[in-house]
Each structure stands twice: as structure tokens, then as C-alpha cells.
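Got a structure for you, written out below as C-alpha cells; questions coming shortly.
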């Protein structure tokens, strides 16, 4: 049984599985699928053709999954676009915006007022602070931390596996400190830290830690002088 | 009320909201959602599980939206793939092809015979000329202009916000002149111009204007000599 | 007529067209569309809101399509995520994992136990060996070969058209030999070969063939010395 208040605006062909809890004044678009156990706060707006509350899957060559995750919990005032997918075991804060075609994995936390852009992806075990912006088509790999007010430009890429599957390595995504800004299509390597309020140029490859308040660019990324040259 | 001619080939579980106008000999795939006010020309073919005619959304931290946009208008002979999303307030020309998983925002104009590839994204307020090719996973940011016959390679990235949200800045995407070709995974910075028939190498970062008839490559992109070296 | 065994777990609003053959103990999620002629092996699990068995399409400016392809054939034990699209004329091996939002074109072969990541794309006429990993948002262009045990990092980009549509050119994707590993967001040019067990750095642009057992990085990619410098 699920709890769907009378003031829910339900589209056509919506599927709501068991044990779904829906708050007051929620809108759910057409052809959207809400899987078992999903919890949706008040005033949430969900677009068309989404899939919410997905259980983890994989094949024998993929990382072992936790045996059990909790529900997907979408807090009040958040908006989910169209054709988006979000996993069970993840917490979406208040007044968050998730774009069309975006995908968010399990065991992720997204802080209040953050924006996950169109077709952006956030992998498992990642923590996104408050008021972050993850732009279109950006890729936040697993085991990544963004503190508050971080800006991830369009098409930014991250990785969390130093040996690309060749050796045992504790998967470790980037750690991006408060106020840092990553330019479009930059590449961040496993485990690197980007310091507070630092800026990474478009197309850079960040292979080492970047201190606070630095501007760096290039492949590999190097600190720019005050005149903008390396 | 909507106008759906008898010769429409309608899939199963298609949702057609109010005030949709459909031309002659249109095909609409299964599980596709056509939202209010969408206008579809003759001989248009739309795939399965699409969402067409989306109204703009956002949260308090995102760009203020126009109060009102017109309809989505798809002109005759165009084809839309599967799992694609297109917004209201956009005009798709004649004989255009939009790939699967592609997403096109509001207030966009796409010229006749252009191709928007699989999972490619065109953001708001952008103008795409005739016979352009935007390849797979390419990202056309907001406020961008492509003249006619422009080629955007796979995974090309663009940005339109010089200060990444840190300062007030009039958002300004790239301006790409007729016949220019952008190599795969190149990064284009806000407001840069690429000249007529110029060629940008794969993986380049274009940080300054590029004149007509130039080949440029590297991070940052520099003009190549006739022997292909910088 | 289609063959759907009684032990099939069928979601709601699933569309199964004619001549679909489904093996034993198959699960199909809600709102998924299975198009004409698709063949699904035993113990396959398919997510929600997918489109499987798509026929090729295009407009007058795109590559001429083959007149006829066979069915989509998904072999036993494979898992397809949510909101994925796969074309007719393609063969998915045993125990393969295809992520959410992924898209696989026609005339593709994917070997046993391989993984195609979330929102990754494999274009037409490509051959993927056994036990390959294609990570999230990676782009495998048309006419590409991956031998066995190849690792393609997140957001890797490839191209197959040397002249970007300007001249006649036989389309020719990269050829990546067994055990090679491509770092995240690297760009591979048309027709290049990456040798056995070679490693390409994150953000590199590979413009020439890379021999066996080499590590290369940079734009353009150059061989690294043993101390990691160019």
C-alpha cells in the first residue's frame, strides 16, 4: 500500500509501487515510475517519464553492492525534470533542482538548493553540499565530495580508480572544497583535492592537489601567474 | 481539445495533452508524452518514450525564466528519436533529425536539414543554422549561435559563463561561423568566435577568437603551421 | 504474435510488439517498450522505461543505412538498466551489464561479461570484446574495435571521420588492443590504434598510433618516460 494524498496531481500511466509515501501538493508527470519505498516531501514536482527509487544492480565484474540501502528520500520543494533516474538509498535535500536526463546513484546526499544539470551524473557514495551547481553533462564519479557552493562546469569529468581496474585500489573520487570552480570539460584524477575558492581552467587535467585560492590550467594543470600565463 | 488526424500512427500509452495540433501522416511511438500546445507538421516521425513540449522550470538559484514562451513547433518531415526531450518555445525546421536521448531547451531555433546527435544537448536561446551537424554527446550551451553548415564533433563542450557564477556577467555562448568544424571533445569558452571554415583540433581548449580559415589545436588552442606543428 | 512465458515478470504499461521471443525467468520493468523481432535470453533483467529493438533512422544528410539488419539479440543472464535504448541488428553477449541511459546502435557486438556504463554510447558497426569496461558517459564511435579486457574511462571521446564531413573518407574508428586502458576524458582520433596493455592518461588527445605497453599523455599525447615526465 502507498500513501497518495488527494491533492496529488498525477499524470497518466504513472506507476506507483508499494510503500511509497507522497507529501502534500505533489505533482508527478506522465509515464513516470515510482518504485517501492520512495518518500516524496511536500510541494515536490516530478517530470514525465522518470524512474525513481531504483535498486542497485550490476554483473559479476562490477563493484560489490551493499546488501541493503534505505529508501530514496526527496525533501520538500525539490523539482525533478523529465526522463531522470534516481536510486534508492539517496537523500535529495530541500529546494534542489535535478535536470532532465540526469541520473543519481545510491548512497548519495545532495544538499539544499543544489542544482544537478541536464544529463549530469552523480555516482554512488558521493556527497554534494548545499548550493552547489553541477552543470550539464558533468560527471561526478563515485566516492566524491563537494563541499558547499562548489561550481562544476559543463562536461567536467572525474575518475576514482587510479589503476583503471588493474590493481586493488580503494576507490577514491576528488575532494572539492567550498567555493571552488571547475571549468568546462576539465578532467579530475582520483583522490585529488581542489582547494577553497580555487579555479580550474576549461579543458585542464588536474593530476595533483591544488591549494586554496589558486587558478590552474593546462594538461597537466599548472598554476597560472597573475598575468594568466603558466 | 487536440487535433489528431485519422492517419496518425499512434503507439500505445501515448499521452497527448490539450491544444496539440498534429499534421498529416505523423507517427508517434509508444509511451511518448506530447504536452500542451505542441504543433507537429506533416510526415513527422517521433520515437518511443519521448517528452515533447516541456515548460521551463528551475529553482531559486537558477537563471530567471521568461514569463512566457510559445509552443514547440516541429516542421514537416523531421524525425525525433527515442527518449528525447524538447521544450516549448522552440522551433525545429524541416527535415531535421534529432537523435535518441537528445535534449533541446526553450527559445531555440534549429534550421532545415540539421542533425542533433544522440544524447546531444542544445541549451536555451541558441540558434542553429541550416545543415549543421551536432554530433553525439556534444553540448551546445545557452546563448550560442551556429551559422549554416557548422560541424560540431562528438563530446564538444561549450560554456557561456565567464565567471562561473561568481560575478554578474551577461551569459554569452560561442559564435561559430559558417563551415567551421570543431574536433571531438574540444572545449570552447564563453563568447569566443570561431571564423568561417576554420578547424579546431580534437581535445583543444579555445580561449580566444579564431580567425577565418585557420586550423588551431592544443590547450590553449594555437594556430598550427602548414606542417601541422604549433 | 510474441512468445512470453508465464514466468516472465512483466511491469505495468509494457509494450511488446510482434515476433518478440522471451526466454525463461525474464524480468521487464514498467513502461518499457520491446519492439518487433527482439530476442531475449533466459534470466535477462530489463529495467524501466527502456526502448529495445529500434530500427535505424536518419535524414538525407546522414550516412546511408543498410537496407536490412537482423533482430536485437540479448543473451542469457544479461542485465539492462533503466531508460536505455538498444537497436535491432545488435548482439549482446552473456552476463553483460548495460547501464541506465546507455544507448547502443545497430550492427554492434558486445562480448560476454562486458560492462557498458551509465549514459555511455556505442555507435553502429562496432565490436566490443569480452570483459571490457566502458565507463559512464564514454563515447565509442562507429566502426570501432575493442579487443578483450579493454578499459575505457569515463567521458572518453572517439571520432571516426578525419575530415569532419568535408571530404569523402571511409569512416574508421579507433582500434584498441587487448588490455589497453584509456584514461577519463581522453580524445581518440579516427583510425588510430592503441597497443596491447598500453595506458593513455586522462585528458590526453591521441593523434597517432600508440605501440604496445606504452604510457602516453598530453595534448597531443606523447610517451612518458619512466619518471612520468614527457
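Going in written order, the chains are labelled A, B and C, and every chain counts its residues from 1.
The criterion applied here is as follows: a contact is a pair of C-beta atoms (placed from the backbone, for glycine too) under 8 Å apart; a residue touches a chain by one contact, two chains touch by 3 or more.
Which protein is which chain? UniProt says A, B, C = Transferase hexapeptide (Six repeat-containing protein).
In this text the structure is predicted, and so the values were computed from the model without any measurement.
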Problem set entry | C-alpha-based rotation, subunit A on subunit C, 0 to 180 degrees, nearest 5 | 120
Exercise. How would the subunit B/subunit C interface be labelled, same or different, where same requires over half of its residue numbers to be shared?
Worked result: different
Seminar exercise, completed: Between subunit B and subunit C, the Cα-mean centres are separated in Å by 24
Seminar exercise, completed: subunit C residues touching 2+ other chains are 13, 31, 49, 83, 101, 119, 137, 155, 185, 203-204, 219
Exercise. Which subunit B residues qualify as touching subunit A in the complex?
Worked result: 13, 15, 31, 33, 35, 49-51, 54, 57-62, 83, 85, 101, 103, 119, 121, 123, 137, 139, 141, 155, 157-159, 164-166, 185-187, 189, 203-205, 207, 219-220
Seminar exercise, completed: Seen from subunit B, its contact residues with subunit C in the complex are 11-13, 29-31, 45, 47-49, 78-79, 81-83, 95-97, 100-101, 113, 115, 118-119, 131, 133, 135-137, 151, 153-155, 181, 183-185, 199, 201-204, 217-219
